[in-house]
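One chain, chain A, links the two complexes that follow: it is found with chain B in the first and with chain C in the second.
So, the complex of A and B:
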């Protein structure tokens, strides 16, 4: 298998000296094919991983790709601390959704009010700016002291994490609306309320939605961090369990599931975005 | 000139922009008096940065004059309002609305029932030649088509005066030429009082009943007024057309 890759790399050198030979022409064409290069990238990475897991000094704690896959299949059938893989996945997702919903339910309206009212902005912004640079994870200890190691403390961290990008983006989204659009709607006879409905909200919406996307991915990061400390369920817990029981395949398997879930969430949201704001293409003027 | 037939007029309008809390003052317009007659197509010509867009924004009510007044039907203009329709150089369409959504916005704000405003908007969409594009979003349209939407949107609100701020300034020469012809056609079928601002003398002679030129440096003030007594439709290559165009160019010394 590895000699095959080497021969491809050999062909890459040939690429600099194109000949009329049809066989070489085919190889060059293949090397310009994006999908083929994607394949090379993935296969190459898996091979490198396999090699590292078998022959380097980290091999003892480095599972091979195949072992990770087997471990993942195993935990879909066997329960860890009372839950199978899907159970742990749902435990994490549920925390994210609750925390994200609460965080944006506070952040978005607050951001809108700050953008619309100078007085509210002056009242809230100094305090917000004070808290903004604190990484949400730095709240973990305090959160556990306040709420114990149950669901509440984890959701609290996520709320903090989701609130900040939700607020900042809805605030900026509204403030950075093209003033020309207000001129246009006022010339058409809009009163204050109509300006809000027909310009402020729709024009600010894409930025607001982008804020929600960021909030969701931050929330996902927060839940894992929170689950690393004193949790009995969730993907973060699965990873810690793998560490405590010396099962590297479980750790890496957990990481893979985390990545796939995060990808699916982002993908779904970008699809939702296409539906809720089909005009988006033009907005960054 | 009969006083009664004046539709919109500027009386000794001056504008000074203040920056840095008033310590820097930039005089933009100085003592401008212009009267636009009922159903007249008036073109204001001046080079870039002569304050002509500011003058139009003052007539629109989006800026307040530092001194002087703007009167519409004898009443002072105090702010933006639906009795004046503004067409923007940068189109400024609502990107989240379709062509129909943009054009019907004015009647919708005024509370016109859906069926009625749809019919009305459809008429103006057809007038500007955009049938079949009712459900397109602005980003799907070319510059010329966007500005057609901008014109239809202003017309659909049935304003007393149309104000056009260098509406074709961002178009390529070919499209611009076409849009000038279209403007003449639309204006002929829906006669309104029009104030049209441009930096292009050729465009001014092609479109205007009357042309007011502004001085080429700040603060802007009126230089000359020309009556364009050429029959419509006009030809850019007619001898009278060229003569007038030449005369205006000579007398205003616009470096264009």
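So, the complex of A and C:
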């Protein structure tokens, strides 16, 4: 056993107990090994869950991990209200994509215009600030009243949810561009159009893209909320069906699928980000 | 010439926002008054105002006064939020500094993290019913995530030079954690508080829309069931206003606390 371990800061420091017997040293080493701790954590969690689902007074309300897995496999084969798991998943994703596309198609240009023109900003910002603090989900009732419980009402909510972060981020992204960059390009003799193309847009793009990422995850939350309130398809409908028919395995299974989808969306976007704006630097806090 | 435009510009920029807001409300009122937008679909601002005054004293037709709805929503949100802070912030701070804490908590946290807050609603209702406990659980589950992330990132971003210096002077792990990591994480923690609050408030409204017997979200749902657009709009406005006020309060507290921190840093 080496008497030197790497400290958190990367410097080599002397192990605190080089004279201890190897047993103790081994345990301490294990406790500093992240992979081992991760393993303990996950196994411990699953065991605890299994135990709680089998032996505690909550057993009736709690599916075991194994039951959840079986339920998920079952749903991929058997249809639930006319659609299997993939059908429901596609129904949700389709709504998100349409709503997100519309929301960012309105939000991004509006945000850019507001950042570039003070007059447009003065005109739009007060009304926007009025709507901003209202959670998109609170539009559900009005949206159902206006569009019925079909696709339109759900997409409307997603549009509202995606519009706000898309607009705010493109607005702030452009406004907070380092003024030194403008000074530099102006000194090189650039006109307004060149400033816009060579400084404003590239420098504001990372923030704008971050806004789109937020918009997409907000959209994912909104579609679930909309489906919980009234729908015949989608993952949100699946878990509310589990609630209404007292099938906890379906609820938890649905949550697992929702979480995985959300994770995949975030992961894909962060990969896309590396491709579309490689010049991105971490924004100062 | 340039002086003239400088004088002229701010004036028009001062007027336009008011024109915009007043124009917006006038247009809204006119659209409903003239019947271009049917009365069952949208209420005019004046109707909403009248209902607001009426609901202050009249529990009809949804069973509670406006203030009762607001108080119930606030109690649910703040209780869940408070619990999320109590658990999330210390957990995040510990995860940022101690390897054992991170190793044990990280995988569980990464499992919960991608679940959108509203997806907890059916499970919470199934477990706890539509009362206070279920709502508090939902709020807790969604608000705890940003608390942990921000506290964790805050500790991670503390200046390594300070940590190495403290080490050189013989500070223990715990001392470094308390004296350096926690204070330098504070601004990030407050950022997390704001995010968590906005999230908690949104999620609460969603929860109340789906299952509740009181609260502002319930007011909105009842408005839809009774085909009363004025109730819906009133509920939405109240939700927005309350969320805004809480945000301002947190901002004030943050400014006070972090200002103290900076002073302490300078004097020592």
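The rule is simple: the second predicted complex is superposed on the first by the 258 of 285 C-alpha atoms of A that agree within 3 Å, B and C clash if a C-alpha of one lies under 4 Å from a C-alpha of the other, contacts with A are read in each partner's own complex, and residues count from 1 in each chain.
In this section, a residue touches a chain if its C-beta (ideal position, glycine included) is under 8 Å from a C-beta of that chain, and two chains touch if they have at least 3 such contacts.
Remember, it's a predicted structure, so these values are computed and weren't measured experimentally.
Chemist: For the three-chain model obtained by superposing on chain A, do chain B and chain C clash or fit?
Modeler: With chain A aligned, chain B clears chain C, so fit.
Chemist: If we overlay the two complexes on their shared chain A, which of chain B and chain C does A:188 touch? Say first, second, both or neither.
Modeler: first
Chemist: A:278 contacts which: chain B (first), chain C (second), both, neither?
Modeler: First partner only.
Chemist: Classify the contacts of A:26 with the two partner chains as first (chain B alone), second (chain C alone), both, or neither.
Modeler: After superposing on A, A:26 lies clear of both chain B and chain C.
Chemist: On chain A, which partner's contacts cover more residues, chain B's or chain C's?
Modeler: The partner that reaches more residues of chain A in the superposed model: C.
Chemist: What is the contact status of A:51 with respect to chain B (first) and chain C (second): first, second, both, or neither?
Modeler: neither
Chemist: Is A:86 touching anything from chain B or chain C once the two structures are fitted on A? First, second, both or neither.
Modeler: In the superposition, A:86 contacts neither chain B nor chain C.
Chemist: Report the closest approach of chain B and chain C over their C-alpha atoms in the superposed model, as a whole number of Å.
Modeler: Comparing every C-alpha of chain B with every C-alpha of chain C, the smallest gap is 11 Å.
Chemist: So which bits of chain A does chain B touch that chain C touches too?
Modeler: After superposing on chain A, no chain A residue contacts both chain B and chain C.
Chemist: Considering the complex alone, what residue numbers of chain B touch chain A?
Modeler: Touch residues, chain B against chain A: 60, 62, 79-82, 84-86, 88, 90, 92-97, 105-106, 109-110, 137-139, 153-154, 157.
Chemist: Which chain C residues qualify as touching chain A in the complex?
Modeler: 9, 12-13, 16-21, 24, 40-42, 99-100, 102-108, 111, 114-123, 125-127, 160, 163-164, 167, 187-188, 191, 201-202, 205-206, 209-210, 217, 220-221, 223-224, 227, 229, 232-233, 235-237, 239-241, 243-244, 247
Chemist: Where on chain A does chain B make contact in their complex?
Modeler: Those residues of chain A that touch chain B are 178, 180-181, 183-190, 194, 198-199, 202-203, 205, 277-279, 281-283.
Chemist: Going by the contact rule at the top, pick out the chain A residues touching chain C in the complex.
Modeler: The contact residues of chain A facing chain C are 8-9, 11, 13, 31-34, 36-38, 40-42, 45, 58, 61, 118-119, 122-127, 130-142, 144-146, 217, 220-221, 224-225, 228-229, 236, 239-240, 242-243, 246, 248, 251-252, 254-255, 258-260, 262-263, 266, 285.
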